[in-house]
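Here the chain labels run A, B, C and D in written order, and each chain numbers its own residues starting at 1.
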């Protein structure tokens, strides 16, 4: 039994099936990476887990509790935190205020030290660079046990990427991470467990090695994803 | 280091932070307003006309401060501050005239009634969600309040008159300068409340609500709550302001609290600067004082032109208002974005 | 007899409502501009007419054309000099800015009318349309009333043609349906905005003249009409001109018949209450994942209660 | 290489702090089909938007028929003969097919009405459904309509953004045939796609977009092998 069990999750928007009986399991302490093409349903999956969308059918069970119909802010308080693709932080609050708001259980100062934010603690959210925003967003999400991170690397310089990898490694020591990642090298580097989504369905799930060897995934999918 | 208690629940967290609020800030702001207000006293005594304008400035300063709480912090474009104020005024007047209750009691009940109506407005605004629709719905609500009072035989188009002067126990404020000092005291109190709200976790969460509800939900807060608190608090201050207006003037009519007053309050708040402490006061001085100066120079009633032009110019060229603009240039004046509960203090 | 009279009154009032709302929705639907100054333009058209015809003594048809041209030019200037500066702002600031700027404009214009022409109600003459009348089943209908209805019909026929059979109309539709795609498909949005605003202003000026001839003319005569325009536009569907027509006539008829039983305060209050209720229900019905109204209402109530009590 | 109709040099585009395109160079010869492939998020759509005038670049040059077009609006580019068909078969849902096409013709003032008939010849399915609301058609039909919207202005070059996204395999074949036909009629095509399959069949030159930069992989016959090589390299 993993920390998060998703079973037969289904979600439609109008006539479009965004998720079609998606099942997956996340083991505590491991890092799970979701890969899949544009429109495969990755962000919808995150939205359903975190309560932004209610699934039409299926269950999301977190630490033994069914949260599939729990509103988002309660899910967050139970320990599932997320970041957004648009790299949301509070623009009109300082870095420190941002992080203090997000920290219920963790120590904001430690979070800021971990993510090298002490230097800029009094900068307003709106004046941050992308990499700084990403770190603040990460700190906002870091308070839970299960962190759902949506494309943490996109838009970063090649030089900033290793630093981000280190932050994720540090977080992964104490937390369970779930990532959406486009870059397949990075995905395989980080992952203990890979889930391949395609058109709302799970195409394959396993360790990076298993996924690389999976003929079906390889053939249908990995080729295009690699680039 | 209040945030570090690993076991703190959400609710305790809030309380801890509110209790840890640095009271020096609100006290300093209140003292600042008090001193500024007292400096004007000699002018108030010197001329009846100046006194009259000063009373208006104070009352609109109070009401605009209340309105600013809902506009500035959670960014809710509620368009019925005049309705909330007139509710406070009517309730307080009726209680005083018909039941003979003391002013302090009627004032409070007036404010509370406005707050209760405000909670209904807030709930509707939360449900409706879209900014534009909130504007229209609250505009319509304000009209309904106007029709209801006009049509109600206790109030009617001619309104209520003959309510007692403001008083506090045995102290009755009859002369202009007495009323000025009393109103100033209320404004000082309101400034204190607004500053405390701004520096509290609650105020910060209200700002966060106005900025990004989705993000706020993702870190475990329910934005509806902070919208509600802001509107109710603002409505309470507006209701108090309306009650003061009624008793100081000795007359309250539904027609005196319509869209015109809402626009006036709006322009005061926007000109001064949304989400600033002193903005509404600066705005009131300018928007009440300036037209009166122009009028006293014999130019006739130019207030609508001044209001209209100010709205257009501020929106086009100075979106953060005067106090907000000063803040942008000089930093730490007013509430420079530093919260008392910030954890490294 | 009373019913026939009410029907005619309803149609006349409805014609004014419908034209007001249609001109409003062209601006609103295409540009997302809730033009709070629309009522002031409405009164402005009538004042220009009053100046040209009653004071200067020109023939009424010249007055009408003059009024339409003057207000259309005013509209174009406002769009070019004030509103176009706001288009680049992000959405929430745009709505806020547009509402406040147009309110400011309305205050200036209304005070200007009062200063130039005085606060007192004005009566304007439209040829001798007001005096002459025809008998319809024993009810007297003035020529002016017929002109008002005919104007509304012609106005909507023109709009129908414009929207469905001209490039300008296609551009308007395209922007309402998907602004980003309209830009990609090469619609010159700046130009269409200018056209929409000018057109809306021209239409409202003509309606203002007729309204003033029917009733009286005061600087702030349009404000209650403005809120009603919101009701009509919203119930008729934002950006839908024909929806505005149907809703406009419906509201006119409702008022004409309701006045037989209710005082006007209750009528107006009931209209505004319906508007608020409509917003509330719409928000509930449209929020995703809720299929029944009752369930939706319950969920909202729970969320609110939690917001307060937790 | 034949005459160049469109070229991009040293283009840089960003949204706020996020740089989406860096040092992008691209050359499109007249009359051919050039394809850009790359993963979602690599910046392909941004490149299309920059070329078609929807998004202003931060720096760099875009030259269309010897004119620097940076700063021109989409309608000005359409008038010069460059048109863009956005991804996800975007059409005006509440307009009929005919109205959609007439709307698309607005910027090309004075274009002849024969062009409508020519386009209907190319897309018989649209001819049958002239009066149908676009929103009620299937995804494939909407994609055809979107391409037709691009063609009614008689462009010299048409930019197609992922024209096969989300379409069934049978429809993908139709789209491929349409692209070839457009090219046969002398219209240059710049195609953007996530997968290489379509490009293998239609493209004469292939570019690969990876992480905000663009790389030329060669002409048809060369680029397949090059693509495979890079693919293998990345997986390992």
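Convention: contacts are C-beta pairs under 8 Å (C-beta built on N, C-alpha and C of every residue); 3 or more make two chains touch, one makes a residue touch a chain.
Every value quoted in this text rests on a predicted model; they were computed, and no experiment measured them.
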Grouping of chains that still touch (sans chain A):
one piece
Tell me which of C-D and A-B has more C-beta pairs in contact.
A-B
Provide the C-alpha centroid distance between chain A and chain C, rounded to the nearest whole angstrom.
48
Once you find the CA centre of chain C and the CA centre of chain D, what distance in Å lies between them?
42
Between chain A and chain B, tell me the centre distance in angstrom, where each centre is the average of that chain's C-alpha atoms.
42
When centres are defined as mean Cα positions, the distance from chain A to chain D in whole Å is 33
Could you say which residues in chain A touch two or more other chains, in rising order?
71
Shared interface positions of chain C, touching two or more other chains
303
Interface with chain A, chain D side, in the complex: residues 16-20, 37-42, 165-166, 194-196, 208, 210-211, 230-231, 234-235
Applying the document's contact rule, which stretches of chain D touch chain C when the two form their complex?
52, 54, 73-75, 77-79, 83-84, 86, 90-95, 99, 102-104, 106-108, 149, 153
Residue numbers of chain B touching chain C in their complex, please.
10-11, 75, 77, 123-124, 126-133, 135-137, 139-141, 143-144, 147-148, 150-151, 222, 224-225, 228, 259, 263, 266-267, 270, 300-301, 304-305, 307-312, 315-316, 319
Which stretch or stretches of chain C touch chain D in the complex?
167, 170-171, 173-174, 177-178, 181-188
Touching chain B in the complex, chain A uses residues 50, 52, 71-74, 76-77, 81-82, 84, 88-94, 96-97, 100-105, 107-109, 121-122, 124, 140-141, 143
